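One chain, subunit A, appears in both complexes that follow, with subunit B as partner in the first and subunit C in the second.
Take a look at the complex of A and B:
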């Protein structure tokens, strides 16, 4: 396996705002990576740099070992799919598919046609007249059928209804198995993509906060529930990712799971409930702002 | 997975063909404007009558200069248009970089400019037909147009239209650099006219106009126009080559 995407101390600044801050990560060939992060974490900026839309401010970025900005090689071998994709208004939907097929060498016209019919698009329709969800679906069809060695989906399911979302993820997975490629898919709904992705890249404050296989993320943290003093004693001076009080004296706390099995056994014997943490909950805990929560805005009563 | 290698030439060719198909509105705007100009030139034909004892002779002068003028103006607008947001974003939906985008735009503008020039020149034949059948002319006088004249005329109009396209493209690039040029360029043009009027001197804009339009040597004219076109496109490319897309 070789690295398709390499970023080293990648930084992107807009006038006064630093969006990516010494971002360092490597994405291997033929993997599906979920890029997750809260709103404004820098997901879209990162993806647009990878496809050569935006120019990095400093640091190193290489896609297929080339700097993406103004690289024809990167453009020919990658596609960036989001809900802002722009098409000439004069062309009908089917003509757009044919145009895409002429541009991307691996484009699978048969697959595109199949998906096009399955989602009942009108070949003579126009892109601007589609609804928000239909636009996303259409763009996703182009993204899947293009079969680009680096395929990037930025919030691909915006506006799609539940059924279409499921179909989309399934279609993506099936075509990935048939024609493996490197896929990056960004989302702030981890639960939606956690069955699809192999790796998670968590972006926080413009940095790669976590980058690990999704299976490890599922075991990354552990939750204790029980008497407050007992919970506090068990977690010691570990960083508490999330805590919640239930009633007067019961505490629920999430910490990083670096316990030995015997420690957990002891904890269980002392009456604590131990459970795993859903990765989508963990995502929220990991990415929450440094202090407080939404309740604090309302005076904390 | 093996990567696709694509040459610049192949990318430009694909984009050019795509633009010829996708930008159908450019042709329709050309046709509408030329029809309008044609109607104006026909309606504006100079007419007077000569009467002696026996005959009443009506004399009409026809000119298709307005059609040519409008075509040049259309070139300017089209040059600006291909750099508006919708058009550039569309380029980057498919395979491109900034160099291939500019090169395919230049080719596209040249192709539609040539179509515009040919149609403008052919409108002379149309107005002669109109003279014959609508105005029921008995005799037609005028510079007869040989094939050579037609090609030369078309070439000259094509150069003017291309120059207008290149200037428009440069304006489009400046606007992409900073939106302030939307206001700055008209303000500078009008401002310079007013300044020259206040100073009671021959306006700079007219001098520019004379520089291109009052050139009697064909060779010098060609050199002047081609050099200006290259300069405009080169400057535009240098600006656009650093531009971010969809930021």
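Take a look at the complex of A and C:
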């Protein structure tokens, strides 16, 4: 395995606002990475730097061992798919597919045609007349069929309905199995992509807050539920990722799972319920902007 | 790990016998709509527990005594935990031992379906 993307202390500032702040991460060849983070976390900025659309402020960024900005190598080997993609307005949808096929050396025209028909696009239609969801679907077809060594999808399912989303993720997985390549897909819905991806990269405050295999994220945290004093005793001075009071005396608390099996066994015996934490819930707890939650806005305890 | 559990169940109900080749990580990825690396982790987990074994270049196969290993593991881990939970809940509800055992017997008579 070799690294396709390497960032070291990558920083991007817009005037006074720092969007990426000493971001450091490495992405290996032929993996699917889920880039997750709340709105405004810097996902799009990072992806646009990786594909050479934006210039970093400082730090090191290398894609295919080259600085992406003004790199022909990066341009020739990558595709950036989002809902803002623009095409020559004079061309019909089917002509756009054919033009993309001439442009991308690995383009799979048969797959593109198959998906185009499956999603019932009108070959003589125009991109600007498509609905939001249809635009996303069309762009995703180009993104999959292009088979670029570095394929980047920035919030690809915006506007797609549930059925189309499922079909899109399935099509992407199937084509990845047939033609492995490095894929980065950003989303703020971890539950949508958790089966598809191999690694999770969680962006928070402009940094790589977590970067680990999705299987490890599923075991990252653990939840205790039961009598408040007992829950507090068991979790000790660990950082509480999430807590909730149920009724007068019952507490639910999520903490990092660094417990020994016998500690958990004892906790169970003292009447606590112990459960795993869904990765999409964990994502929300980990990316909370600050202490507290929505309830604090409304005052009270 | 769901893939590991699913393969265990397939071995338990006889769909795969000792010595049979199981699905590859790519077949599992396609069948379960999951990342092939995640599927590989499920297979490796079972190899670590000697339920599957690797044959270089050929794939993963069901080990000798795989069924027995799975049954033992499920009994000591899964079933034991469920029983503890049942006992705890019964205690919270002040249910006597006799009453609890009666409930288990009734459940058994109902056929253990579902």
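Points to keep in mind about this one:
Basically, the second predicted complex is superposed on the first by the 299 of 301 C-alpha atoms of A that agree within 3 Å, B and C clash if a C-alpha of one lies under 4 Å from a C-alpha of the other, contacts with A are read in each partner's own complex, and residues count from 1 in each chain.
Here, a contact is a pair of C-beta atoms (placed from the backbone, for glycine too) under 8 Å apart; a residue touches a chain by one contact, two chains touch by 3 or more.
Note that the structure is a prediction, hence the values are computed from the model and not measured.
Once the two structures are superposed, subunit B and subunit C can be ranked by residues of subunit A touched, with B on top.
When the shared chain is aligned, subunit C comes close enough to touch A:268, but subunit B does not.
Using the contact criterion defined above for the overlaid structures, shared-chain residue A:123 touches neither subunit B nor subunit C, since it reaches no partner. Of the two partner chains, subunit B is the only one touched by A:105; subunit C is not.
In the superposed model, A:40 makes contact with neither subunit B nor subunit C.
Legend: residue contacts after superposition of the two complexes on their common chain; A:86 is shown touching subunit B, with no touch to subunit C. When the shared chain is aligned, subunit C comes close enough to touch A:32, but subunit B does not. The residues of subunit B lying in touch with subunit A in their complex are 1, 3-6, 8, 11, 14, 17-18, 21-25, 86, 89-90, 92-100, 241-242, 244-247. Residues 31-32, 169-170, 173-174, 177, 195-198, 213-215, 268-269, 271 of subunit A are the ones that touch subunit C when the two sit in their complex. Taken together, the subunit C residues at the contact with subunit A in this complex read 1, 26, 29-30, 32-38, 41, 84, 88, 92. On the subunit A side of its complex with subunit B, the touching residues are 14, 29-30, 48, 52-55, 64, 70-73, 75-77, 84-91, 95, 99-100, 102-106, 149, 180-181.
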